[in-house]
Structure formats: C-alpha cells, structure tokens
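Dumping the structure here so I can ask a few things about it.
Chain nomenclature is as follows: A, B and C, assigned in order of appearance, with residue numbering initiated at 1 for each chain independently.
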Amino acid sequence: MIKLVNVYKSFNGQKVLAGLDLVIEAGKITVIIGQSGGGKSVLLKHMIGLMRPDQGEVFVEGVDITRLNDRRLNDIRKNFGMLFQNAALFDSMTVGQNVAFPLQEHTRLKRDKIDELVEKKLLEVGLRDAAQKMPSELSGGMRKRVGLARAMALDPKIILFDEPTTGLDPITADAIDRLIVETQKHTMATCVVISHDIESSFKIAHIVAMLYQGKIIEIGDPDAVKSSKNPALQQFIQGKAEGPIHVV
Amino acid sequence: MTRLSAEAKVGLFVVIGIVILAYMSAKVGKFEYGWGRGYEVYAYFDSAEGLAEAVPVEIAGVEVGQVKKIELEAGRAKVTLQIKQDVEIGEDAKAAIRTTGVLGDKYVELILGSPEATPIKPGGRIEQTVSPTNIDTVIKQLNSIGADIKEITGSISGVLGGKEGEASLKIIVDNLRELAQALNETVQKNNENINRTLDNLAAFSKDLREIAATNKDALSKILANSRDASAQLQETIVAFNQVTEKINRGEGTIGKLIHDEETVDNINTALSSINGYLQKEERFRTYVDYRGEYLFDIDDLKSYLSVRIQPKEDKYYLLQLVDDPAGKKTITETTTIVAGVPTTEYKEKIVKDGIKFSAQIAKRYYNLGLRGGIFESTGGVAADYYLFDDRLMFSLEAFDFDPDEKPHLKFKADYTPFQYIYLTAGFDDFISEDGNESYFVGAGLHFWDEDIKTLLYGAPIPR
Amino acid sequence: MIGFFETVGRALIRFVEEFGLIMSLFLSTIAWMFRPPARLRAIFEQMEFVGVNSLLVVILTGTFTGAVLALQAYHGFRLFNAESLVGSTVTLAVTRELGPVITSLMVTGRAGSAMAAELGTMRVTEQIDALYSMAANPIKYLVVPRVVAGALMLPVLTIIADFVGIMGGYVVGVGFLKINSGIYVARIIEIVELEDIFNGLVKSACFGLILSLVGCYKGFYASGGAQGVGKATTQAVVVASVAILISDYFLTAAMF
C-alpha cells in the first residue's frame, strides 16, 4: 500500500530520517511508536506528500509520489484522510462546514445531500447536534472527533493519525482508540497511527513499528515487537530513563 | 434590521466607488465623446510650433474638440482635428493656432465665417489657416519693416535732394511766401482753425495745379472717354430698367417664377429637408458585431451576433442573437385535479443549443454606459465602464431575475487592440446554483456600416 | 571586519531569497486565480474585510490629509498671491500620490497585518497542512481571495479617499480660508486631468497587490508558534509599507 525506500530528510543539518525503509500493509492498523521529536510526524507527512524527502522514494499504491506535480499529487491525496495532532479544524468555519469541506471540494453533490452526509459522519464519531458550533467552542476530544469525521468524509482508503490520543484524558483517549478500531473494522481502510502512548498503541495495532534514530528498528505484530530483544525498544516500552536512548 | 451579506456590502461599496469615479471623471474630463467619437477635419499650417496632440480646439472660447494628430506633409504641418459631432464648421472657416496663458500653451481656434456656408464634411479640409507668430518671425517682420522705412526715406531724400530738387523746393517756398503774405490779412481776421484749413487747401491746390499742368493732354482724353462711356451706360441702364420693370410686373418666365411666392417656399422646404436628411445620415450609424466566448467549465462556445443601431452618439439600440450551450430552460406548470385536490406539476425542459434573443437600449453618461432591456430572452440591466478612449470596457450584466433562483450575473472585460478585433474575458453566471458558473475568454469582430462599405470596395475583384 | 561582510552578505542572501519566494507565491497565485472553480464566497468575504471594513479609517485619514494639505499649500501660495491654486494642488497631490499611498498604508496596517496573523495561525496549527492533505490547494483557498480582494478593493477605497480628500481641502480652502469657491473649483477642473485620477487608481491596485501578497507570504511561511505569528505580523506591516513606498517611486516615474 505505502512503501518508503531509503528515505533521508534533515532539517537545518540535523538528520531526522536516515535511510528509512518501511512497508505499510493494506487494510491494517499500523502504529509507529517512537520518541517525541524523533521524526514520527515527519514520517507521516512524507506518506501524504506534505514533505518531500531529501533522498529516497515514497510509493503509494505503486506510484512514486516524490516526483509528482501538484495536480497528480492531489489526485493521490484524495485517497487519504488525515487526523492532525490538534485536529487542525478550520476555525473560521463551523463544525458542519469543516466536515462538508472535502465533500464540497471533490464531489458534485447537491447541498442537501452534503448536509445529510455531514450529519451521518458526525453521528458516526458520536457528535450529535454539533454541526452549528464553532471549533473554538469544543473540547480537545470533541475537536479530534470532528477531525476524524472530516478525515473520513470521502471514505478514504488510507487514514493517517498524528498522535490521536495525545493531550486527552484516559477516558477520552480510550474512546478515540475505540473509534479508530471501529472505523477501521467498518471501512477496512489502511490506518497509520503514530503515537508515543505505548498502552493504547498495543491495544489497537495490528502491526507495530519502532522509529529510532531515523530508521525503523523493529516491525511486526504487537506480541513479536513486545518480545524483541532490541534494548532501545525495550527501554521505550518499559518507559525507563536509562538505556541506549538518552533524553537529557 | 437584517444583516447584509458580504456580497451586498461589497456590491454597495463598489457602486459607491464607481459613482464617485464617474462623477469625478465627468467633472475633470476635458472633452469626452460618446460612442460616436465626433468627426475629423484637417488643415495645413506653415508651422505647428508648440502645438501638441490632445490640446483643445475652440470656437469663440468654447471647447469643441481636440487635436488628434500632427504630421509633416510636403514641408507643411498637417493637423488633424477631432470635432464634436454636433458642431458644424463652414467651408469659409479659418483655423488659427493661438496662445493662452502665461506659459504660452497653444491651442487651435476656429473662426467661423458666414452661417450660410456649406459645412465641411467629415474628413474634409479647412482651407484658411493662420500659423502662430513666434518671436523669430516677429523679429524678421520688424526687420523688413525697417528696410521698407529706409527705402522710403531714401527715395524721399532722392526727390528732395540735388539741384533740381533744391530749385523746385525754392519755387515752392517762394510761392508759399507769396501766398502767405496774401493770406496774412485774412488770417489775422479769422481764427487759427480756418488759417490751418486754408494752408492745407493752398498746398493741395498747388499740387493739383502742377499735375494738371503736366498732364493736360491725357486729362482731356480721359474726360472725352468718360463722356462716351457715360452715354453708353445710360443706354444700358435704360434697357435694364425696362427688363426689370417687366419682371416686376410678372411678365415672362423669370418674372412669373420670382413673383410666385409658392415657388420660393417650395425651394426652401426642399433645400432644408435635403439638408436634414444629409445630416441625419451622417450621425446614424449601424454596427455589426460577432463575439465568441469559450466557457472553460462548460467546455463549449457561446456565440453572439448583434446589430447595434446608433442614432445619436450617446445612445444605441442593440439586437442580438445568442447561441448558448447551457441551453434554454422552460418551465411548464400543469395543474391537475385528482379527487378534488389540485396538484401542480412542474416540468423543466432544457433545450440544448437554444437560440436566445436580446434587445436592449443603451445610454451613455461620460465613461459610464447603462443598458436595459431583454438579455438572453429575459429582462435585465447592465452597466459598462469605458476606459482609454473606449479601448477597454468593463461591464456587469444582471438578468434572469427568477424569484426562485439567483439572477444570472456576468462580468466581462473587452479590450480592443485593433480597429476591428477585440478580445474578451470574464466570468459568466458566477453566482449560479446550477453549476453554470464559468470563466471565459473569447474574441470578437466589430464593424460599422462605413467599414463594411470600405471593405467591400477595397476587396480585390477576381478577374 | 570579516564579520561585517558576513552580516551584509547574509542579509543580501536573505533578501534575494525572500524576494524570490514572494515572486513564486505571486506566480502561483496568478496560476491558481484562473483555475476554476472560483471561490467567490471567499473572495467576497475578503473584499468585505479589506474594503468595506476599511471605509471609516480611509474616510477619516483621507479627509484630514486633504484638509491639512490645503492649509499648508495656502500659506505657501499666499506669498505670491496664488491662493486660487490651492484646490488644484490639493487635488493633484491627493489623486496622484497621497490618496493611493495613505489608503494603502492604512489598509496594510489593518488588513495586511490581519492576513499575516490569520495565515500564520493556520500555518502553526497545521490548518494549511490540513488543506493540502484534503487535496485542496491553500494558495487557491487562502491566498487568491486575499490578493484578489486587495487588488480590487484598494482602487475603490482610493477613489473614496480621493473624493473625501478633495472635499476636506475644499472645506478648509473655501470654508475657513475664504478662497472663492467658484475659482477654487474652476482651477481644479482646469488643471487636473482624468489621467491623474486613473494613474492613482492603477497605483493603488498595485499597492493592494503588494500589501496582500506580503501579508499572505509572511503568514504562509510563518513558523515557531505564537511568537512566530507575532513576528510575521510585524514584518508583514513593515515590509509591505516599505515595498509600497519604494514601488510608488518607480510606478510614478513610469506613469507620469
């Protein structure tokens, strides 16, 4: 589905991705774990073409998106939905308009049909009667749900989640996790989640991958990853300050 | 109070801006034409020094046009003037380059001759011109005047100088002395005025006497001739008198014609109606126009064929056929009563490639043109704004005011780089709810009747 | 010494780089402007923001600019008894120069800064990335409406500023300084050409383009959270104001 081959990316001379190889399988939830600031978001943005690698290729369904022009890239992006870390709702629009946005953009549906779909999508994420509210009136968890509704509006084949549970209380975080699992089951979409929340990651993942020093150091099903001998991975899973990963 | 939508506010705002702009351009605009652009005449000047294009042309201090072009032709300056349509210039008019203000700005003044003179036709020539006097020519003229004066004084001194001159002078002086002595007594008795008169008379009579003395023979001949001539003249006058008397009495054809007042009236009316007809034809213009607009979103061509009849320079009538790819929509309403309950059924029928019809009347105020009438088979209004000698035109049309739908709005800009061809671009039906909104670009051809005539005559004839 | 050259060189490179980025943003704005469908609603919203909502401030500054100009010109012209030329001086100065420039500077302060702040916030909260991720080009959604609104609304604001400026001059010249009103108006009509007004409007359209483009550019490439947005806003106002004044010189040289 998505394949990254030997991808390099650095910012201001600092290497964030260093020869990264990764294959995302179709129809599964892949969770990429790693340190904060370790390049997980950068990796995710490469998958949807928001960033271009300094070197290497990114294939989406066999097409190398690093070489596409804007127009072709936009065609590829129509297969994607993305939930941003802080939901990135357009704060000049109401919740309903936010969810309607991709529909208005990429479909030729009539107004009332769009309204109907928006209602349905909001219901799916558990938000009833929120369409007229402004994003600033919503709590963090609600904003993420609206973000998810918007990401799913076009029933995408691939959904990317950038830290979906960060900054939420445990109950809301769990609700979001369930929502992701349910959505995936429901739509059979390919999901890529990046997270540093170990507990929730292993709960929802079909495949777990660990990003460390710009590379994927371990990938496999949750149990296999848990029993890996890699010291950095073990340190991360157990949440210890001492080990090969130096924080300070 | 209901809150205005963004569109309404912006619209109101822009309208205010355009009104102010139109008002200000009307105020400071020196000379604005309607669509007719006036007519052109030309004149030759020995010098067009200081004259520039677009300076005013005035008659009696009233601006009636402007200088269109200044070019050199056979060593003289050919100046083309553009004159307002309703100003007539007689053939005996005179064109002069004049100076105004301290800084010496030049303008062209037309001095009209008699009001009965035949008016100059568009494209005609003003024969009489006065070139500006610059300082160089003034000095040159002063020089030649000086030379003339010198010559005169020279010849006078030639006459008076020399021995002969001296002698004759002496005689004159002697005579004068005698005369003076003889008159002295009279003079003493009378006042000075009479004295002076008499002096003059004396000098004059003396001159006459001299002339008579030298030309005695010639004078007597002239007198004899004139005596003969006056005898003949007398005879002619007698004969002429007889003729005119007859005419006056209404005898003979001419006499009858002249005496019949009806004839005079008839001729007068005939002349004035011919005049009126000629003038009318000059102002009445017909334009034929084709424009094609390529609509991007609909991916099709919208064509307009129009005839514009312009009886006055600030007014025209437009008849237009429109081939619209969006088609013509007709809604039929049928009400059927089923079991006492009336149900109304609406049927929408869209005829593809339907021909629509426009008929509009347009009026122009300075740079702003307003149109109203039938737009693509529905009622509508439009505003046109003209810039750069009408080469650029922006227009906004609003029509099809269906209460259930938003009106059809169209914005376009026409640019005319060449005489017959113009380019157009704009945005059609831009608040459409049916997805008919589209950008367009296009081009058009534009002729008026004279152009067509010229084209026909100018076309090569196959042999 | 070397450090001095380094500083100068870095500033120069930064300037060239920035200029290049603004130009490329301008070109892609033009390209996206003509790619249907047009975002009319967004354009109208921006027009309202840039144009209608700037009306009051433009009327105030325009009126008093014309008024003070009449006052100053009067003292000068009185020295050689040419008071009647006050009107045409005020009108020429306002239509050619002060109307376009002062309007543009006011709108830069009001709307240019807001554009930078708005787009900057959207950048740091990933809303711009979100647009990209939804296969919607943010230049079309955010930059085109603002630039179009800037270039279209500034001439309208300027003609209003011209008008109220001339009125302000009239009130001072005729009302307070007792210049004969007939002569005052006649001199204006005699000396001012249509071209003066139109060139001023063309200039103001260019300024509108500049201020909205710079505002969008600074916001679009903002980074570094709230502080970065604040910096972008300040820079947008400074850069746009300077660019307006510099380009004014060249536009004037080219036009009149």
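Keep in mind that, in the parts below, a contact is a pair of C-beta atoms (placed from the backbone, for glycine too) under 8 Å apart; a residue touches a chain by one contact, two chains touch by 3 or more.
Source: prediction; values computed, not measured.
Fewest steps needed to get from subunit A to subunit B, stepping only to touching chains, is 2. Put simply, the chain closest to the centre of the protein, by Cα centroids, is C.
Here A-C and B-C are compared, and the pair linked by more C-beta contacts is B-C. Averaged C-alpha coordinates put the centre of subunit A at 77 Å from the centre of subunit B. Subunit A and subunit C have CA centres that are 42 Å apart. Per-chain CA centroids place subunit B at a distance of 43 Å from subunit C.
Contacts with at least two other chains are made by no residue of subunit A. Across the complex, subunit B is touched by residues 34, 36-38, 40-41, 44-45, 47-48, 51-52, 55, 153, 155-157, 159-160, 162-163, 188-189, 192-194, 196-198, 201 of subunit C. Looking at the complex, you find that subunit A touches subunit C at residues 45, 48-50, 70, 74-75, 77-78, 80-82, 84-86, 88-91, 101-102, 105-106, 150, 160. Residues 6-7, 9-10, 13-14, 16-17, 20-21, 24-25, 27-30, 296-297, 387, 427, 430-431, 437-439 of subunit B are the ones that touch subunit C when the two sit in their complex.
Remark: subunit C residues 121-122, 125-127, 129-130, 132-137 touch subunit A in the complex.
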